[in-house]
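In the two assemblies presented below, chain A is common to both, partnered first by chain B and then by chain C.
Entry: the complex of A and B
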């Protein structure tokens, strides 16, 4: 299993490095969205609920771009069939794709969070960074699990570009809610506090549930 | 032992019947050549045998295992050369083969041997999308035989290949080319004389149904040409 995941991850990395289709697109989308918010809200800075909402909704839509492209090379170039013919555990592809998406999200956030702080955020992130990273990590794991599941489901349909976002958005909504509620106290000007434990727990539980659902369903999604 | 035992195989896509009532037995080490016009069901037949499509009716046993129930035991023992090369365009020929070698637990030495045998060593580090269709076909053939499968499923294996390339690939996918000489082959072909020369058994498909099933020695090229009329 580990060897197969490593082979798949290596392939994913090479394909992304050569095509630069997912991560640059996701990052550019996020930065552009912050610029749009900056002008549309006609405000130099935001804080609290509004700031958390803008950050998470932007990350969600940027993630959708990555989710939509997650299996495209495999579906278009026959990689699915090549993988299915090999005597390996099929869940290795779930693990590899989820880790790939997780990697994309981390790189996206390395670009998007500083851009958000620069373009829109009122309070400084300094002291609240560990709490924000903790919340983002939990959100990313959930997005990776749900996103991989949805992408595998959508990619074998003729309407994959439409079906992917339509399925992903409602399933990712709890992550956005949990993420925004957990992030909001970190982004207040007055007395920033750490992320509320119950929202972190909610995110963690959601990650666990969808991780298990994805693991249980993935083999069937690859079947004819 | 029979390498293939197919009884009453049917497969449909929605309302359309792609295969219907296909029955045959093929002994280990034999070559079955499948003829038929476009859309006759040849590719579907290969994909069912490769475990990529489920049979919707009938019994299919490949290498002694029943499909789809024991498909897991067949994977890795079958090599498929499809219309699509099943390779990534952004990876080089060598990277593609090394990726498949890792999936099949085959060493990289075998990859280099195959690239050498197919005269692809000099272009092995170029991305696949920059190679000609004939070169991509050579790499696809290397992928199909990389793990030395017991059953080789070949969909028009010589398409896009020039005569020199045909000579290069023949030792890899020809009859009796594996060390034990027990490799079974199923080949889809549109070339009556070339196909017949390789065949032990001939299956002719028309609109998904068998129109011809006989030992190759008893089949005349004219009968195959008749399938296309």
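Entry: the complex of A and C
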């Protein structure tokens, strides 16, 4: 299992490095969205609830771009068939794809969070960075698990570009609720505090439940 | 036979609905603050409870489908979710009317139950498009079941998340039946029972109709004595196994002497 996952992961990263079709697009999208928010809200700087909301909505939509593309090459160019012919566990593909998506999200945030701090955020991040990283990490795990499942569900339908986001948005709403509520006290001007524990717990619970669900159900999506 | 017991079930539903409506209008006391408007509670809350239970049941039936690979479980799961969606629309409409009457707005964001219900509804609204976008019937039923299980697990989790997001700001409007006076609790229980019966009856009707249609198609094919060459129009509804439908149809045909 571990070797299979490692091999698949290497393949995914090689493909991404050679084609550069997901991560640069996601990052550029996030930065552009911050500019759009600046003009749409007519604000030079944001803080608190508004800042947390903008950050999470942008990350969510950028993640959906990546989710939409996650399995396209496998569906169109025979990646699924090749994988199914190999005598390996099928869950390996879920793990590899989820780790790939997680990697994409981390790179996306390495670009998007500094850009957000630079372009829109009023208060400086400084002291609250560990709390923010913690929240982002928990959110990313959930997005990666659910995103992989949704991507596999949508990719072999005739309306894949439409169904992916339609399925992903409501399913990922608890992540946005938890993420935004946990982040907003970090980004207030007056007295920034750490993320409330109950929101981190909610995110953790969500990650756990949907990680298990994705693991249990993914095999059925690969059958033919 | 799928139509078996349908008449008894229908009569029981009509009777239960009549009793429930009678209780709502003539027995249950008027609520002190909201007056007559509060009576929509006896329709709105049972609809919501039954719809949510139906979504979860759809998920459980889908698990059964994934385990057995029997298309009939997929059909049951589909019907359960389909009916729940219709009940959910009813819930949202009655909820809106109630919100307009008692709070003055058609939609209220600080009522967590309402908001989580909308999210669940939006998620399940993609169930039919998902089915419709997959042409191969086997894969359609497989993917639909995966969706139904995921969404079924999402229902309680989503309620936790939304409830938490406003738990400290807004106390619950209705804290379950325990806080209701006796007459109201009785009326509510009967209404809940009646709406649940209505749900079961409608599900049974839909299942029966789907099976009958499959049988008619199989019989027509036998009459014309050739393989079914006409392409079935693409549909979001699951297809029953042709063999099962044909044998059932053949049995019926033998009995009636076609």
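One rule holds in what follows: the second predicted complex is superposed on the first by the 224 of 224 C-alpha atoms of A that agree within 3 Å, B and C clash if a C-alpha of one lies under 4 Å from a C-alpha of the other, contacts with A are read in each partner's own complex, and residues count from 1 in each chain.
One rule holds in what follows: a contact is a pair of C-beta atoms (placed from the backbone, for glycine too) under 8 Å apart; a residue touches a chain by one contact, two chains touch by 3 or more.
The structure displayed is predicted, hence computed values, not measured ones.
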item	value
Chain C versus chain B on the shared chain A, clash or fit after superposition	fit
Superposition-derived angle with apex at the Cα centre of chain A and sides reaching chain B and chain C, degrees in steps of 10	80
A:24 touches, of chain B and chain C: first, second, both or neither?	neither
Which of chain B and chain C A:122 touches, first, second, both or neither	neither
Which superposed partner A:204 touches (first chain B, second chain C, both, neither)	neither
Chain A residues touched - chain C or chain B, whichever exceeds	C
Partner chain(s) touched by A:194 [first = chain B, second = chain C, both, neither]	neither
Closest approach of chain C to chain B (Cα atoms, Å)	5
Residues of chain A that lie at the interface with chain B and also at the interface with chain C	223-224
Sites on chain A touched by chain B in the complex	3-4, 6-7, 10-11, 14-15, 18-19, 73, 77-79, 81-88, 223-224
Chain B - residues contacting chain A, complex	50-54, 72, 75-80, 82, 84-91, 95, 99-100, 102-105, 127, 143
Residue ranges of chain A touching chain C (in the complex, touch as defined)	149, 153-154, 156-160, 162-163, 166-167, 169-171, 173-174, 177-178, 181, 198-199, 202, 205-206, 209-210, 213, 217, 220-221, 223-224
Residues of chain C that touch chain A when the two form their complex	66, 119-120, 122-123, 126, 129-130, 133-135, 139, 142-143, 145-147, 149-151, 153-154, 157-158, 160-162, 164-165
